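Each of the next two complexes has chain A plus one other chain: chain B in the first, chain C in the second.
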Partner chain A sequence: MTRRFILGTVAHRLAILVYIIFALFPLYWLLKVSVTPNDLLYSEGVRMWPSRAGLEHYIFVLEHSDFPKFFKNSVIVSASTAFIVTILASLAGYALSRFTFRGKYWIVVLMLLTQMFPLVMLVAPIFKMLSPLGLTNSLGGLILVYVAFNVPFATFLMQSFFDGIPKDLEEAAMIDGATRFRAFRQIILPLTLPGIAATLGFVFTAAWSELLFALMLISGADASTFPVGLLSFVSKFSVDFGQMMAAGVMALIPACLFFLLIQRYLVQGLTAGAVKG
Partner chain B sequence: MASIDITDIRKNYGAIPVLHGVDLTIRDGEFVVLVGPSGCGKSTLLRMIAGLEDITAGEIQIGGIRVNDLQPKDRDIAMVFQSYALYPHMTVAGNMSYSLRLRRAAKQVIAGKVASAAAILGLDTLLERRPRALSGGQRQRVAMGRAIVRAPKAFLFDEPLSNLDARLRETMRGEIKRLHQSLGATSIYVTHDQIEAMTLADRIVAMNAGLVQQVGSPLDLYDRPANLFVAGFIGSPAMNMLGGTYRAADAAFVAHDNSVVPLGRAYGCADGAAVTLGIRPEHVVVGGAGGHVTAPVDLVEPTGFGTILHLRALGTDLKAFTLERKTAQVGETTSVALPPDRLHLFDAAGSRLS
Partner chain C sequence: MGVRNTVSMTAFVSSDRQRSTPVLRRLAVASEPYLYSAPAVILIVAVMLAPLALGFSYAFRDVKLLNPLSGGFIGLDHFRALIDDKTFARALKNTFFWAGASVALQFTFGLILALLLNRPFWGRGIVQALVFLPWAVPSFLSGLNWAWMFNPVIGPIPHWLFALGLTDAPDNILSDPHNAMWGPIIANVWWGIPFFAITLLAALQAIPRDLYEAASIDGANAFQRFKSITLPFLAPTIAITILLRTVWIANFADLIVVMTNGGPADRTQIVASYIFTQAFRRLDFGYASAIAVVLLVLLMAYALLIVLLRQSLLKKA
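The block that comes next holds the complex of A and B.
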């Protein structure tokens, strides 16, 4: 325990603290504004907490806006996207990790290629494709687009998790009498739960906060998702900051719940003891 | 139990050939050890028998049935992996019973088989543990247990002991042999360790560079190695190999330094042909009367069990192994005899001469 060591530890902790404050302060501000009554919003100057706090923005958003509908749409779109992508990415990632097949290289190149275009470039052609199919202005169309854009990255993510699981395990299962698919289901998937949780979480949050496609493919409140809905608090003449922030705070809830649900799988180390000693 | 017939098996990885045509018959209940240096294709051959690798050409039969196109699950074999490959999310009992559960065996049957396998392997008290809470030796036993709860047509072992420390390896080696004696199961055991091969095998298959070099009982390979590879691979310390020529006139070997070793009998070989003379260190006679040459002692390595002497003789570093402890000192000169009935002669291509 030298002086240098202590100083280093203190500096390290301080740096982490500064980072956490930097990262969480906007969230705090969101919360603060959401409970500030309108008459205090501009009159009190910059304060860490308003002299009078209330939930009126929340009540207004829940009772007099389309927010509950946006919220429901977003949950449907994000959850569906997350589940579909994770299933597809698990299967594709497993194939990339375990099999050699004709055209594998080109499939990987193609998947990487899709990740290289700025999405803005693709909005117009995608709109043109979906429109005659009746998939604009529908949650299904949005899910389809989100799935398409999230599968490549999620596949690479899942592949890296499968790569970390020894091939011996499913070979042992196959010799024990399992088909390859059963070995995948009963031996490999349970060991990939952390990876699946990470992929679910990643895709869910990506879909939850997506704005560009949601804005371009959907018109009208019926199929709007939450990020688009937030924009409705911006009117021509003013911005309803209090209501917007209240909606924002509520939008955090599902994401938080979701991560709370999967966090125990995010802890790695389940494969310990599989091989060697 | 079943026999295994392997006919002209070949394997290419892409364009690279790894096995160049292997023929082998393993009799019902036999314990066969595939031995050879790392990378010679032992695991590949074993995995082809298990159904984990495609067969490029040739045929494999298990119990008289062609299995080339059967899935591993339909071949009814059990395998113990070098890495053990235990299912980390299952208990010891779960690991051992997985194959039985896949076959939808009745609960009591499963419990009975797991219990008796656990008793044989001394795993009774560990059945509810997860693999990560086991030592290396215990994991190894679980891997064995997973194989013996079934009564498969054959057991395949891929270097099952090489992750254990030397002491444990010796113990487990004995247990595997005892297990085979009681179960009498057809077994193919892959190892790069010639001691394991010698001690375990009914028959050894020595492999090198994708080819079978010799098939025979352990003592066959030890006493009559078919070629230089087998001669050098089997036995420790390794056989001495001396370069020189064959002299037909008096049936003698002439070393590079022109010293002469009488061979005791004529060999089927042209006069003056380049040959290699082999003699195991334990057969070199040091001191005593009737030595062929005198040689200075270069190095003395006591092993406790005996002593390895390095002698400068016959133009090379000749090793001699004796059980005696009080032997020559470094720098001393001693007489060396190579008994003719202990000599092995190989032609320029490395094949044994008779």
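The block that comes next holds the complex of A and C.
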């Protein structure tokens, strides 16, 4: 019995170790190549750690490339998207959580519908619609598109957070003479702060990762987001692996930070989205 | 909702009656939910529903971005072209393989991971954060990262495969027409295991502990407990996540666009990446929209199938 127990425990820990290695190895490799000096890149191909490491690729990328600009564009787009989506989704999620009204069913159907069809279908028509408005090749256009794409999922997420707060709270405030909107703003929203932070995190991550619409809508380097910049870099100078991977590590940093922020809410986020990554 | 809310609202309205007219007041209260949800709904209709309708019309029109004379109605020409389009047929086949293999592997390894994490052990919190980390990696970066891992110049995988005798030379799997699809699939599995693990772990933790204790006392071994307690409890979650995830992955083109761009020779082209290629590289919006319409019809058929399946299962139960 005890021997079987020990064997089982050892097998369990080993299996977990295998998962950790599988999950982290590609990221480790990214980091490793990004600190490998160019002259060792090819001669020490499969070594686990280069005999000499340095930050020269990072310095080059920060000083002589467009990546700081791409990074800034991505931060602007993702942060604005997260901010606007969270406001709109709080309002709509509150309506879905607290009111019964005519048409509510159809709003839910509409939002579920948007989660069902492939967004790639919209690449061409959205380009055609935005281009006469001057919203192609602009960060504003990208923000508009990302906000719309993320609102349905965020609304369901915010609704689930509001559902967890007792209705008595704002009702008491309303009996005391506050309008519902004031009760919502001053009593309910502060209580949902963790939920708001999680929604901000989910939307920021989604906007930070978006690729296809950014590729389609952005053509110039001035409005390129990080993924677009990195991909054009890959196709242009495909030999500068060290620099590419240094840029890749830069793209990873905000994603990891926001992952820490939303880690506690992963389950809620994934089930609210149901079909979203 | 209901009674209590109505009571408080009446109290609210009557206390305010002296200041404003009851009609206006009531109108304000009645319109409140619409005001809250209007911005979100308007935006969704304008930026998602309207383009969807526009896309439908493109499917029957000749819309090419670089040709200002295009835009005319051409009926079913795009769809006739699609029937003879070998790349489209291949993309359709590839989509099934891509979604099937990705979901099967993500689910299997995700379930194993969830079972491993469902047992308390020292450092579980940190382990969880580490094994779920790939989910936080942006999809374009996952794609690039794995493309580099498969690259013999810079990555270790071709050399390992060669050393194990699995390949004749340390070549890039992504440029091998027969095996290229496994590149994006492996990247997708790496990236998607956390999704299944997180969802299944939540379902596992909702199973009442005492069921297992009772079964142990009755002499059930670990496998029997898994078969008659764990699986039946997980079944609804498993069914729903797999069905929805299959659709999502079938349409998930990022990894393919980044890693292979559909190549070599369209061997990794899926329908979603084919739509993107037509729109983005060939700028043929009409044809891209026609493919999109076909994809939507197929997805609707799949959804209908699920609904029917669910109803027949419910009837049986």
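Keep this in mind: the second predicted complex is superposed on the first by the 229 of 277 C-alpha atoms of A that agree within 3 Å, B and C clash if a C-alpha of one lies under 4 Å from a C-alpha of the other, contacts with A are read in each partner's own complex, and residues count from 1 in each chain.
Convention: a residue touches a chain if its C-beta (ideal position, glycine included) is under 8 Å from a C-beta of that chain, and two chains touch if they have at least 3 such contacts.
Given the structure is predicted, the values throughout are model-derived calculations rather than measurements.
> Once the shared chain is lined up, is A:Gly229 touching chain B (first), chain C (second), both, or neither of them?
Neither partner.
> For A:Leu169, select first, second, both or neither according to whether it touches chain B, chain C, the two together, or no partner.
In the superposed model, A:Leu169 contacts chain B only, not chain C.
> Pick one for A:Gly195: touches chain B only (first), chain C only (second), both, or neither.
Touch partners of A:Gly195: none, neither chain B nor chain C.
> Looking at A:Thr155, would you say it contacts chain B, chain C, both, or neither? Reply first, second, both or neither.
In the superposed model, A:Thr155 contacts chain C only, not chain B.
> Just to be sure I read the superposition right, which of the two partners does A:Ile187 touch: chain B = first, chain C = second, or both, or neither?
first
> With the two structures laid over each other on chain A, which partner does A:Gly177 touch: chain B (first), chain C (second), both, or neither?
In the superposition, A:Gly177 touches chain B and chain C alike.
> Is it chain B or chain C that touches the larger share of residues in chain A?
C
> Could you look at A:His12 and tell me whether it touches chain B, chain C, both or neither (first, second, both, neither)?
Second partner only, chain C.
> Considering each complex separately, which residues of chain A are in contact with chain B in the first and with chain C in the second?
Shared contact residues on chain A: 171, 174-175, 177, 270-271, 274-277.
> Within their complex, state which residues of chain A touch chain B.
166, 168-169, 171-179, 182, 187, 190-191, 270-277
> Using the touch rule from the top, collect the residues of chain A that touch chain C in their complex.
Per the touch definition, chain A meets chain C at residues 12-13, 15-16, 19-20, 22-24, 26-27, 29-30, 33, 41-42, 45-46, 88-89, 91-92, 94-96, 98-101, 103-104, 107, 110-111, 114, 116-129, 144-145, 147-149, 151-152, 155, 167, 171, 174-175, 177, 180-181, 205, 208-209, 211-212, 215-216, 227, 230-231, 234, 241, 244-245, 248, 251-252, 255-256, 258-260, 263, 266-267, 270-271, 274-277.
> Would you mind writing out the residues of chain B in touch with chain A in their complex?
The contact residues of chain B facing chain A are 50-52, 71-73, 77-79, 81, 83-89, 98-99, 102-103, 130-136, 139, 146, 163.
> Can you list the residues on chain C that touch chain A in the complex?
1-2, 4-5, 8-9, 11-12, 15, 29-30, 32-34, 36-37, 39-41, 43-52, 54-55, 58, 63, 65, 112-113, 116-117, 119, 121, 127, 129-142, 144-146, 148-149, 153-156, 159-160, 190, 192-193, 195, 198-199, 201-202, 240, 244-245, 247-248, 251-254, 257-258, 272, 275-276, 279-280, 285, 288-289, 292, 295-296, 299, 303
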